[in-house]
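Structure, as structure tokens:
Going in written order, the chains are labelled A, B and C, and every chain counts its residues from 1.
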Amino acid sequence: MPIDILVEGLLFYKSAPQKKQVVMKLFGISEAELATAIETLKSRLATGATRLVETGEEIQLVTCPELAPIIETLRKSELKSDIGKAGAETLAIILYQEPISRAEIDRIRGVNSSFILRNLLIRGLVERNHNKTQNSYQFSISPALLNHLGVTHKHELPDFSVIANSLEKFNEVAIEENI
Amino acid sequence: MPIDILVEGLLFYKSAPQKKQVVMKLFGISEAELATAIETLKSRLATGATRLVETGEEIQLVTCPELAPIIETLRKSELKSDIGKAGAETLAIILYQEPISRAEIDRIRGVNSSFILRNLLIRGLVERNHNKTQNSYQFSISPALLNHLGVTHKHELPDFSVIANSLEKFNEVAIEENI
Amino acid sequence: MQASTLPGFSVKTSVFEGPLELLLELVEKRKLLINDISLASVTDEYMRQVSLMQELSLPNTAQFINLAATLLLVKSKSLLPVLDLTEEEETSIEDLEERLRKYQIIRDAALVLQNSFGKTKLYAPQFYKPTVSLFLPDEYCDIEKLREAMIAAINGLPQKEAPAQAKIKATISLEEMMKKLETRITQNLQMKFSELNFGETEKKVVIVGFLAILELFKQGNLILRQNSYFSDIEIELDRGQTPTYY
């Protein structure tokens, strides 16, 4: 496969700056080969919406400068919109069950929650921590939101024990029935 | 700015599937204009590392199938996923008959599909929309399903037209008999 | 699992997740096309499988029994062409054939999906949480609103189907199915067995195959009477006895 395609694929997938040294090592290519690939990629991308930027030791894919005003509008409207019913449901599950994995949230909601969780993360409403033993992320409410909600102890949450009980029962059934 | 550039920029920035309806509204373009832009974008991307995935409702930017082995090594190859016989059957029904209600899926399979559907929803392989006129949920495929199948459009699946045609004949006969 | 405690049965019965899958397999095993003739010819084996499932109390048995009712109608009609089927029954038979053909296509399509699933994945970009830390609560970020959302989520949780209930459902279906056939026999009360044998050349096929009647006989709902060897067998509904199901 052409090196410029490999580099483009990597940068797109990672969607973050990548060290040139790391890229060279990953694909087993020389500095000269990478430089050629970068030039090829730059000229190929020129007609599209993305650009390759080199910042010292790193390379990264970004949207072209002409799109900046549109991206800015998008960002603003994203932050202005509310989290919606699905967001509230996900947030509530995290609040009552934290720390909780995405798989558990999904099982309770019955749908995939990954995009909603991203939104909650971006807005600083939840936090995620890597759980090494399960090799998965655990979600919890951000300290800022806990403050905002005025929650100091979990047990003070309205209907805490009722809700905890029904979720516990559901988990038992879910595991048994493989729901 | 050309619409295909706008669409590409949006998809790149969002790095998640976007509803066609939302894209149309955002850029103030018609369905036909979006369709043309999608075609232009598809052919422009063909020489690069990314592809445009399209379902009935959504579009998304992803890496090309040739990059799959490389990205898998980057991800330190997660567990290979399988959908199982019942899952595959349910997915096939939705893929070829979408949008379709649970009752219709149950009828074709001859068994209750609610747990299987819940499972597919949790895995993000299908999507559920509320149909107001029938007051029931309609299921359709998600971009994530196409991503897992390694195709950018369901028409690219092996034997798609053969299978679609034989099912089509069926539905025609059924309609004729109803008259 | 109950099935695993009875070796030999478990494999045979639990393989099939749905009645159409089983029925299609039986038809295809005989290299037959899907029509009323082939359906009638696999009815016995289908019934055997289903009664096995019932003995083992396997899940979904109710759905298998539902289809058995239609299948038994097909069989009865093939052995007893004089049997008048209601419009509803005719439709259910036609329906079954159509559903089976459609299922056949879907089953093959599912194989294609299963084979390509996860082989060459297309990847969306990885998600990185932006480094700029924001805090953007909205109207939903309120204890009472979140409590309501939580309660709504709990109310939407799937309920476990009580196994006892599933069994009752299965018995009712079986009962209904037998009732229907009982009505048929009542209508043709005192009918001679030979009269049932339209177009069938092999007696054995008729006697062994006419599961509908044998089932009713086994349950004590029928009286089979043969006055001498090789003479006609008379069939009569036993009115004096309450039906027993097992």
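To be clear about the criterion, a residue touches a chain if its C-beta (ideal position, glycine included) is under 8 Å from a C-beta of that chain, and two chains touch if they have at least 3 such contacts.
Quantities reported herein were computed from a predicted structural model and do not represent experimental measurements.
Enquirer: Should the pattern of chain-chain touching be classed as line, ring, star, complete or other?
Expert: Contact pattern: complete, every chain touching every other.
Enquirer: Which one of the chains is closest to the middle, using the mean of its C-alpha atoms?
Expert: If one averages C-alpha positions chain by chain, the most central is B.
Enquirer: CA centre of chain A versus CA centre of chain C: separation in Å?
Expert: Those two chain centres are 45 Å apart.
Enquirer: How far is the middle of chain B from the middle of chain C, if each middle is the mean of its Cα atoms, in Å?
Expert: Roughly 32 Å, centre to centre.
Enquirer: Mind checking the centre-to-centre distance between chain A and chain B? Centres are C-alpha means, answer in whole Å.
Expert: 22
Enquirer: Of all residues in chain C, which are in touch with two or more distinct other chains?
Expert: Those would be 123, 125, 127, 158.
Enquirer: Can you list every residue of chain A that touches 2 or more other chains, as numbers and ranges?
Expert: In chain A, residues 12-13, 15, 109-110, 114, 118, 177, 179 touch at least two other chains, as defined above.
Enquirer: Give every residue of chain C touching chain A within the complex, in rising order.
Expert: Spelled out, the residues of chain C in touch with chain A are 123, 125-130, 133-147, 149-154, 156-158, 160.
Enquirer: List the residues on chain A that touch chain B in their complex, please.
Expert: Its residues touching chain B are 1, 5-6, 8-10, 12-13, 15, 44-45, 47-50, 61, 63-64, 66-67, 70-71, 74, 106-107, 109-112, 114-115, 118, 177-179.
Enquirer: Considering the complex alone, what residue numbers of chain C touch chain B?
Expert: 17-21, 60, 63, 67, 98-99, 101-103, 105-114, 116-125, 127, 158
Enquirer: Which of the residues in chain A come into contact with chain C in the complex?
Expert: It is residues 12-16, 79, 82-85, 87-89, 91-93, 95-96, 108-110, 114, 118, 121-125, 128, 142, 144-145, 148-151, 157-159, 163, 166-167, 170, 173, 176-177, 179 of chain A that touch chain C.
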